[in-house]
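Labels run A, B, C and D following the written order; every chain starts at residue 1.
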Amino acid sequence: MQLGLIGLGRMGGNMRERLRAAGHEVVGYDQNLEVSDAASLAELAEKLAAPRLVWTMVPSGQITEDTINQLAEVLEAGDIIIDGGNSKFTDDAPRAERLAVKGIHYLDVGVSGGVWGIKNGYALMVGGDAAQVEHCKPIFEALKPLGEFGFAHAGTHGAGHYAKMVHNGIEYGLMHAYAEGYEILKASEYVHDVPAVIKSWREGSVVKSWLLDLLDRALDEDPELEALKGYADDTGEGRWTVDEAVRLAVPAHVIAASLFARFQSRQDDSPAMKAVAALRQQFGGHAVKR
Amino acid sequence: MQLGLIGLGRMGGNMRERLRAAGHEVVGYDQNLEVSDAASLAELAEKLAAPRLVWTMVPSGQITEDTINQLAEVLEAGDIIIDGGNSKFTDDAPRAERLAVKGIHYLDVGVSGGVWGIKNGYALMVGGDAAQVEHCKPIFEALKPLGEFGFAHAGTHGAGHYAKMVHNGIEYGLMHAYAEGYEILKASEYVHDVPAVIKSWREGSVVKSWLLDLLDRALDEDPELEALKGYADDTGEGRWTVDEAVRLAVPAHVIAASLFARFQSRQDDSPAMKAVAALRQQFGGHAVKR
Amino acid sequence: MQLGLIGLGRMGGNMRERLRAAGHEVVGYDQNLEVSDAASLAELAEKLAAPRLVWTMVPSGQITEDTINQLAEVLEAGDIIIDGGNSKFTDDAPRAERLAVKGIHYLDVGVSGGVWGIKNGYALMVGGDAAQVEHCKPIFEALKPLGEFGFAHAGTHGAGHYAKMVHNGIEYGLMHAYAEGYEILKASEYVHDVPAVIKSWREGSVVKSWLLDLLDRALDEDPELEALKGYADDTGEGRWTVDEAVRLAVPAHVIAASLFARFQSRQDDSPAMKAVAALRQQFGGHAVKR
Amino acid sequence: MQLGLIGLGRMGGNMRERLRAAGHEVVGYDQNLEVSDAASLAELAEKLAAPRLVWTMVPSGQITEDTINQLAEVLEAGDIIIDGGNSKFTDDAPRAERLAVKGIHYLDVGVSGGVWGIKNGYALMVGGDAAQVEHCKPIFEALKPLGEFGFAHAGTHGAGHYAKMVHNGIEYGLMHAYAEGYEILKASEYVHDVPAVIKSWREGSVVKSWLLDLLDRALDEDPELEALKGYADDTGEGRWTVDEAVRLAVPAHVIAASLFARFQSRQDDSPAMKAVAALRQQFGGHAVKR
């Protein structure tokens, strides 16, 4: 099958490779023309036979918005745009409506798998109409892992990105659960060989997971994690998940705490803890650090 | 190798079966004599050749304490007792010392794997001296999964149960991260097919894990989890993990929140929320439920 | 000074009384004409001399929006509208701009004090331009408590409602801190007279506060809080505060946890805990409640 | 009334002054003989008429334990020891029993009020037998604030320290609620004058409290809290409160989060966040800080 793919970075570049390995014809476009197969979006559109299928894999927010708007200029009725980036789910329905005016179809796809997807396949969560989902099945089949898992038609426009957002919220919580356990093990005088314990959990245990495999891998490379600073960015989905929990009145202690821990990791000093220190000094004459 | 195994319930019974399948000779003892291979601990001791190896797999706390004390009466110097139950890690060093007075060796082993261990093998975290760990290797090899994972000599007496305790604390956090994500998906109007989304994550995604496989399995059996009440006991390790976080000054928001959620699930009404309702009524004249 | 006051419910009615007691002339309007001083907004406008000052104290959201729009129809350039309801801070700047087109000035005021404000005065947090704040000072002076506290010009349009929103977020956290302590005292076997302990904290202690006074008052009325259900609504500001914490990358564990506890208090059963129960059953064969 | 008072630091020194101002005769003892009224515990005992009343106000833990043991050597049957320090509630009943063997009575008193107690009075929570509580009433009356509040006989041995422990747990939560609100206000672009907003809440608002007064005071002295580091110790009671919540199965999200925030404030780097950073690098190739 023929596919245009916009954005050939860490994710998009790997996806192009996996798709080509599966026998699909991929015309890639990237601002970095060295890796691009087309000099412009217009040329990309020319290189594809109608009805065209074009997948965007660019940073979420304004860049995705602009890319899809420009793309809509060079596509025509009957074509399909798939946004596989980390767009916010609320962008999808309005976008689908705008494109529908021109007769262009739209699917939103949440893509998980990270840098390992090229080898293991990507988990795909798709939002949109069944007809387009059906049409694009060969592409999804090539990107997803072998076997029965790794693909869901989650619902209508926005459902794909919504499912991916919640996926990432869960991911925050999972990572932080391991991280807290790791810190307790490190702090304790009881366990002498923390990496060995982590490794032992990789099979047979209730906590076995791919993230645990990766933690073990990281500890193999750097048993004390000495080379790292305890600093983590967040990419939007964690925040949106907490906002959704708030909107939907869902108690989300774990996901919120994991997100807040990331915020904290990026602070040089905590204004809140300054206030606590000020209060302790005021009522108890407790010593403070200056 | 020859082994005495005390406690033939859900865990111990399965372990006997797995050990026998691996060619070991297991003399089991249980209060329920129908499943027992010996009529008493004394008979169990008689049936084993010295130096004996006896594994206890009974409920933690007083029952384990009593069992080991009674066992110590019928064993002799050079024998080894392994406690594979969920004992608190602080019990192990004193217990090892008491047994050492009689020349009996002691190992504490954290065992993970649940009802699946009989098939998949159990993850084993061991605390104690290297000589005994070495001696018992064939038993550990038979119980653990095939391959390089599933076994760690974590440290000296108590390290095995400590590692298992933290393992379970992490388990609480992992389960709750999935649970919160599941609830958000259920509450949202965006995702129409929640079980399909969960299933899609089983391969290719960053959140793939054995627990996720089990959640998918549960949703296959009961897509709305209608048959279940949102009620969960806790078995000690979660509480001890939070106590350890407090003792060691480790921030453990996620594990503590997961534990507190279980507490909450068992309350018919919340005294704390009654106080909140009382306050809202007092200052704002807000309506209350009676 | 002359003032129009729209919305004569629990808050507005009390405010009218307090303003009149201070010698101000208040023309009140309410849908309930029995308590209203004017039959319509038009009549209210007629009864006030230009430049008019009209204070809205109606439910936040669409009702406030509609009321202010209708009010703008009957007011004229130079008049001032003050919204003292619990509007979202993001509504204020656009509203001020819309009104400015007609030459109508706007202030947003966060009002705290509950049903006690009529007697104790209300804490007022004001957003808007200094000229209008100055003009309305006599009204603010009459509403606020005696003494130096209870009033702040917090910033430009939206600052008043923003300050009130954070105030309420803090309020959630304070209430829940007391509530958790109360529950621990109740659960413990050590303290025999919980209400006496609460009462002892009202003077001399570090935790003395008005909310504590109210908790003591509630316990005087109902020492076991038997008449109440542990159920609490939330009125928007708590959610917005958490959303703001997320937007601004501020760790807000306490405020978020207090909000989540309210969500939980309104659930008959927890979908998240059903998932936890399902997982425990799957891996451990743990008993579940049906 | 006559009283021995051991420990003349920040708290004990102030209490001696307040008691003397009320007309009581206080014989103080401190290791620092410059402030001490007796050269030794023996001399202190000699200076008091039987039945003696001796109040200890020394650091909790071993120092309190040792002091009371030494004191018991120089006191006699019928005397009363009051421990007003921050002892753990579990120490009290065994201590009372040990003293009872010698016929010495014991009361445990939780004392709140900090450096302000000398002026405002101290809130006192007392554990022990009614007869001794009655006997010591004049002392309690002198220490507590004027009026009906500030004193409770909470229960039997341990109840006083238990009530004080929960008091401090609540205190952690209250402080952190204000601290989070403060940080959100500081981070936001909406509120220009944060100290003015805090000040406005001191009267009329639902969140008015003594801690808020102190926060305002701190901001008067240092409007940006520039001179402080966001660092806070914890003094035991917060940890014990969380341990009690865990023991009693009480959900205590807010108090635990406040405690964890203090732990975090003392870490140069977070091992947990290193693990999170490691995981993000492993699966996503996300940039890390080194």
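The definition used in the following text is that contacts are C-beta pairs under 8 Å (C-beta built on N, C-alpha and C of every residue); 3 or more make two chains touch, one makes a residue touch a chain.
These are the chains along with the protein names UniProt gives them: A, B, C, D = 6-phosphogluconate dehydrogenase (Decarboxylating).
Nothing here was measured: the structure is a model prediction, and the numbers come from that model.
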- Find out how few touching-chain steps suffice to connect chain B with chain D. 1
- Compute the centre of every chain as the mean of its C-alpha atoms, then state which one is farthest from the centre of chain D. A
- Task: Using mean C-alpha positions as chain centres, tell me how far chain A is from chain B in Å, no decimals.
- Result: 33
- Message: How many angstrom lie between the centres of chain B and chain C, each centre taken as the mean Cα position?
- Response: 47
- Distance-wise, how many Å sit between the C-alpha centres of chain A and chain C, to the nearest whole number? 38
- Note on the structure: Going by residue number, chain C touches two or more other chains at 114, 176, 178, 180, 183, 187, 206, 210-211, 245, 249-253, 257, 260-261, 264, 270, 272, 283-284
- Given the complex, residues on chain B that touch chain A span 89, 112-114, 117, 120-125, 127, 144-156, 158-159, 162-163, 166-174, 176-178, 180-181, 183-185, 187-188, 190-193, 196-197, 199-212, 241, 244-245, 248-255, 257-258, 260-261
- Inside the complex, what are the residues of chain B that reach chain D? 206, 239, 242-243, 245-247, 249-253, 256-257, 259-261, 263-264, 266, 270, 272, 283-284
- The chain A residues in contact with chain D across the complex are 10, 114-116, 175-176, 178-180, 182-183, 186-187, 210-211, 214-215, 217-219, 222, 225, 227-233, 253, 257, 261-262, 264-265, 269-290
